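Presented below are the structures under discussion, each in the form of structure tokens.
Each of the next two complexes has chain A plus one other chain: chain B in the first, chain C in the second.
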Partner chain A sequence: MDLNFIPLAFGQILSPLTVGYALAALGLAVHFGFTGLLNFGQAGFMAVGGYFFAITTVKFDWPLWASLIACVVGAILFALLLGIPTLRLRADYLSIVTIAAAEIVRYTVKTPSISNLTGGSDGINGSSRDFYRLNPLPDIRYGYGVLSYNNNEVWSMIVGWTVVIVAAVLVWQLMRSPWGRIVKGIREDEDAVRSLGKNVTWYKMQSLILGGVLAALGTVLVIIPTSLQPDNYGTQTTFFLYTIVLLGGATTVLGPIIGSIIFWVVLSLSDGILTLLVSNHLLPITSVQQGPIRFIIVGIALMLLVIFRPQGIFGKKREAHFSG
Partner chain B sequence: MADANTTRAKLQIGEPGPGVKKVDPILVAHGVRRSFGGVSAVDVEHVEIPRNAITALIGPNGAGKTTFFNLLTGFDKPDTGTWELNGKSLANVPAFKVARRGMVRTFQLTKALSLLSVMENMRLGAGDQSGERILTALFSGFWRKREKEITDQALDLLTRFKLDTKKDDYAASLSGGQRKLLEMARALMSKPELVMLDEPMAGVNPALTQSLLSHILDLKKEGMTVLFVEHDMHMVQTIADWVIVMAEGKIVAEGYPDVVMRDPAVIDAYLGAHHDTDLGSLTGQLEVAKELGDSFLVNEISEEISDEASSKETTDGQ
Partner chain C sequence: MTLAGTAPRRKTRWFVVIFAALAASAFVFSSAGTAFAADTPTPTPSASTAAAQSIGVWVRVAADKSNVAGVKVTITGPKGFNSAVVTGADGKATVPLDKPGTYKVALDASSIPAGAGAVLGTNPRDVSVGVGNQGVPAYFLLGSAATTPSPGSTAKPSPGSTSSGTSFGELALQRVATGLIFGLLLALASIGVSLIYGTTGLNNFAHGELVTFGALVGYIVSGTMHLPGWLGILAALVFGGVFGYLQDLGLWKPLRKRGVGLIPLMIVSIGLSLALRYIYQFVFGPGLLVTPSDNSSFLTLGPVHLRFTDVSSPVVCIVVLLLVAFALLRTRIGKATRAVSDNRSLAAATGINVERVIRIVWVAGGALAGLSGALIGYYQPINWETGGSILLLIFAAVTLGGLGTAFGALIGSLVIGLLVDLSTLFIPSNMKFVAALAALIVILIFRPQGILGRRDRIG
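Entry: the complex of A and B
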């Protein structure tokens, strides 16, 4: 029996995917958990950030810092585009517009007529160029057993987790400041906050931008050591992020980060276990059915979570989003 | 009554009546109209609110009082009309800017921010906080001093409203009446010039009403102007300097409380057939609500009555 999948699953703890999702989930917590914005297009922010970075790096040959600025500007523009028409209106408008906009982004970048820029369905490889050039680590193997990494992989992890920690500290500080008080007030009742002289629409916009930029930067940290694939930014990605945020606790800073770790470890473990069971004919399914089953498990886990621990792992009971 | 006009400073110019000019108006509204699907909810020809006085806006349910509040404070847009605070137009000014100009309102359906603590609710009411800008928010040094100031100010207000022991609790844990008090105290954090209260007494424990009345009187002493909507005629008679009566969107009477409350036209408009019902009592309100066919209100009032009955029982039991 091949049990290597177990250490490999725990390798997910530090993986670029976990880093990227931790940042995107932190951004979603800013939107949904702290401000009460129902953004169902977080995957769209990820895609916009990823494409702005990858296109400017790979196709335009911009230096790393310029591409990073492009990525942030892209996320801000996307937030303005979605926010200006909807943030004045009732909450449901934002969710409808964001879910649609995220899909529009995905279909647009896949359009064959602009594939020389976007790479079409294949996406874009090679965003790592400048990033790896900055790597000070000697070119040896790091790690132990099946968890063995080269210097570039380790460099990605170090930078990735540094960014996650810095972002977490920033968000934590913001949420304990008067600024955070306003956005939390907006989550509770925006008219009340308005009646106290706060420019609610502008604060919602700031929150949308902040959370969107976090998602965009997170995506850069994923695509540098891997590649940019349009189909990684579909609606299901947004729902994974909601799972992560609810798992960890939507109104916490640590929640989305730990949630992302748990999510990827568990997803990877369940994949390993399913593979094991299927290959030993212990489950009456084929390996083709295995993929969808994994996601059914995610769906059931999300439901159980909302029913039994709506505040997430780190949330306080009273702050639960779905409690009465 | 003649003595009312002589013992009190005169607020109006000329004979009291709908739209009468005031000696020193803080708020002037002219031709403010709002209809919902063709049905006129507010149709105010002209009204002036006297400065540094307590004005009651009364009228039967559905008279348009809340809608008028919404229009004046930028929470709703009128079909036509102009209105100004201290001579400066407020038409098309967004709600948050109206509040910053010193005109702060509370809501009929209380809007306590449930998952913020009572203290955080209060702090949110204060203006001029540099920590509310995202970049300065990142550095506590920029806003710690102001935070301390507003915390002290909030504690002071909370003590006056007997909510200081609750300061660290979630607002969600407060009773309906306490939330009303919190909302009012929170509105005062910005040190407004004009406070607009939409049914401040609704649901407030009778034991607290007396102190609430004295708080409102204090506001006047501190130089503020108060405009409030209220069904409790006892409250209106006790603290109001001036009464404005609305019915079917229009202002049908204005004057000193003792005079207006005796005006047959007002009694007619307000009470309809309920000449002899006491609107100050819940049972009286229930009668009117039933008559109006307002089932939501009937339920609410019935609930209030049974709440009161049960709270009496528990206090009796002790």
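Entry: the complex of A and C
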């Protein structure tokens, strides 16, 4: 019986995927948890950031810093495009437009006629070039047993978690600032904040931009050690992020990060256990049927979380009304 | 705002809508109705093929995309492989192959019926078949020699590609027809979304899964149980309604009782959508499912051959939509539904049983979505995310028409259907949804309440 999946699952704690989802979830917490924006298109922000970064790096040969700026600019433009028509309307409109826009980004980058730019359905490889060149670590193996990494993987993890910590501190400080109080006020009662003379739409836009940029940077940290695949940014990614955010606590800074770790460890463990059961014929399903199970689990977990514990692990009950 | 005060004004609007729907149907019949067949040339790998590989031959007339039966096709390949097939009534023939490799597919020019013209493009043609490839397309178009052969005609003609021998005007007319049919199918699903939104305030992000459910019911009944098609459609209608009822009974009603807010409810609906979508994939697998339909010509109008599906689906849609309109306008429960949509508390205060109305709306919404799914199954192969992929079009249609207004959903659907299909004349078909999103953004900037919506709903 092969039990390697257990250490591998706990290896997810540090993996680039966890880093990327932690950042994107933090962005979603800024949108949904702190500001009350119902953004169902966080996957779209991730895809836009990823493509702006990968295209400028791989196709245009821009240096790392320029590509990072391009990635941030892309996320800001996307936020403006979605925010301008919808933020002055009720919460539903933002959710409809964002979920539609995220899918459309995915369809568009897969269009064959622009595949020399976007790589079509295959996505883009090799955006790690400049990033690995900055790697100061010696080229040896790090880690123990099945959890063994080369110097580039360790470099990605170090940079990734540094970015997550910096972003978390930034969001934490922002939410303690006057800006954060206004934004949280918008979540609780938009009209009250408006009556204090604040430009609610503009604050919402700032929040949308901030969260979107975090998601875009998160994607960069995922695609550098792996690759950019358009189908990784479908609606299910947004729903994963909601599960992560609600798991940890949408109105907290630590919640999305811990949520991301728990999410990927649990998902990886359940995949491992399923594989074990299926390969030993303990479950009457085929290996093709094994794939959808994780999504079914996440979907049901999301429903149960939002119904029975909307404040998540770390959140406060009174902050988790989301009356909209 | 009371119901009595708005009724006359709204009634005139609704007549406009109904007229538009009828005009649409007339248009569909007078123009190229087989265009839908051209839209979905996915090869149907025949289930009887036991071989590991196969080539799918399809012979059609370039001008009207009608299928050509009785054409002899010879396939020669490595190691002396030689096989001859004759296309069936649907213009198709499947050639089972034991080995992968490059095969030469030749149409016997003498077997082409008189009047169909000659083969456009290369003939014979080399088709390379990889390991395990089923139904590798070898599609031939026939036409008069004057028309230019389309480049690379082995590629499957996508909705966005310009077929040879078809002028821009004819193509636009075809797109109008397909767009209207698609709009009608979309309308069936959208009305449910709009009514559920109107009566409960919930944006149901799991509505696409109701559509998929109907499509799967249709597939089970007529695809695997080999019962007649109308039974499949009826079953989708009935089971869709049952599914909607059970969803409301088991999930949404208890949540309303708990007083869960609307935003958590929307998140519940995305969780439900994710779970249902992958339950479908778990049960039916990730592949495409083809509901068998009779592709033979049912009605011939001049050069245009209409399949039975092309005629029956729009008729079914229009009849059902008229019934819904009648129910909303003339019956007690319809009036109650509109009253609840207008103002829930006021309706409750006048003695309307709001919970009962909501239950009926869920049943009707589920049934209409199921019907829409089953009809979609006759036009194109379905899979586990068929409904999910049109969800954004449903939302675009509902928002365009005005959230919460049933007739707005109808108009919005027709507009979105037309827009999406006509946009493929100018942009690649993968990007056709961009047109729908652009329309959505424009309407939200200039008229956020939608075409038929009221200003006070949006703030």
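Going forward, the second predicted complex is superposed on the first by the 318 of 324 C-alpha atoms of A that agree within 3 Å, B and C clash if a C-alpha of one lies under 4 Å from a C-alpha of the other, contacts with A are read in each partner's own complex, and residues count from 1 in each chain.
Keep this in mind: a contact is a pair of C-beta atoms (placed from the backbone, for glycine too) under 8 Å apart; a residue touches a chain by one contact, two chains touch by 3 or more.
Note that the structure is a prediction, hence the values are computed from the model and not measured.
Of the two partner chains, chain C is the only one that A:I104 touches; chain B does not reach it. In the overlay built on the shared chain, the residue A:D122 is in contact with neither chain B nor chain C. Using the contact criterion defined above for the overlaid structures, shared-chain residue A:D61 touches neither chain B nor chain C, since it reaches no partner.
Applying the stated contact rule after C-alpha superposition, one finds that A:L174 touches chain B and leaves chain C untouched. When the two complexes are overlaid on their common chain A, residue A:D231 makes contact with neither chain B nor chain C. In the overlay built on the shared chain, the residue A:D189 is in contact with chain B alone; chain C does not reach it.
Put simply, more of the residues of chain A are touched by C, taking chain B and chain C as the two choices.
On chain A, the patch touched by chain B and the patch touched by chain C do not overlap at any residue. Interface residues of chain B facing chain A in the complex, by the touch rule stated above, are 73, 75, 94-97, 99-100, 104-107, 111-116, 120-121, 123-125, 127, 129, 131-134, 137-138, 140, 143, 147, 170, 172, 183, 186-187, 189-190. Considering their complex, residues 170, 173-174, 177-182, 184-185, 187-189, 191-200, 206, 210, 251, 318-319 of chain A touch chain B.
For chain A in complex with chain C, the touching residues are 36, 38, 40, 81, 84-86, 89-93, 95-97, 99-101, 103-104, 107-108, 110-113, 235-236, 238-239, 242-243, 246, 285, 288-289, 291-293, 295-296, 298-303, 306-307, 310, 321-324.
Interface of chain C with chain A (complex): residues 203, 205, 255, 258, 260-264, 266-268, 270-279, 281-282, 285-286, 388-389, 391-392, 395-396, 399, 403, 428, 430-431, 433-434, 436-437, 440-441, 444-445, 448, 458-459.
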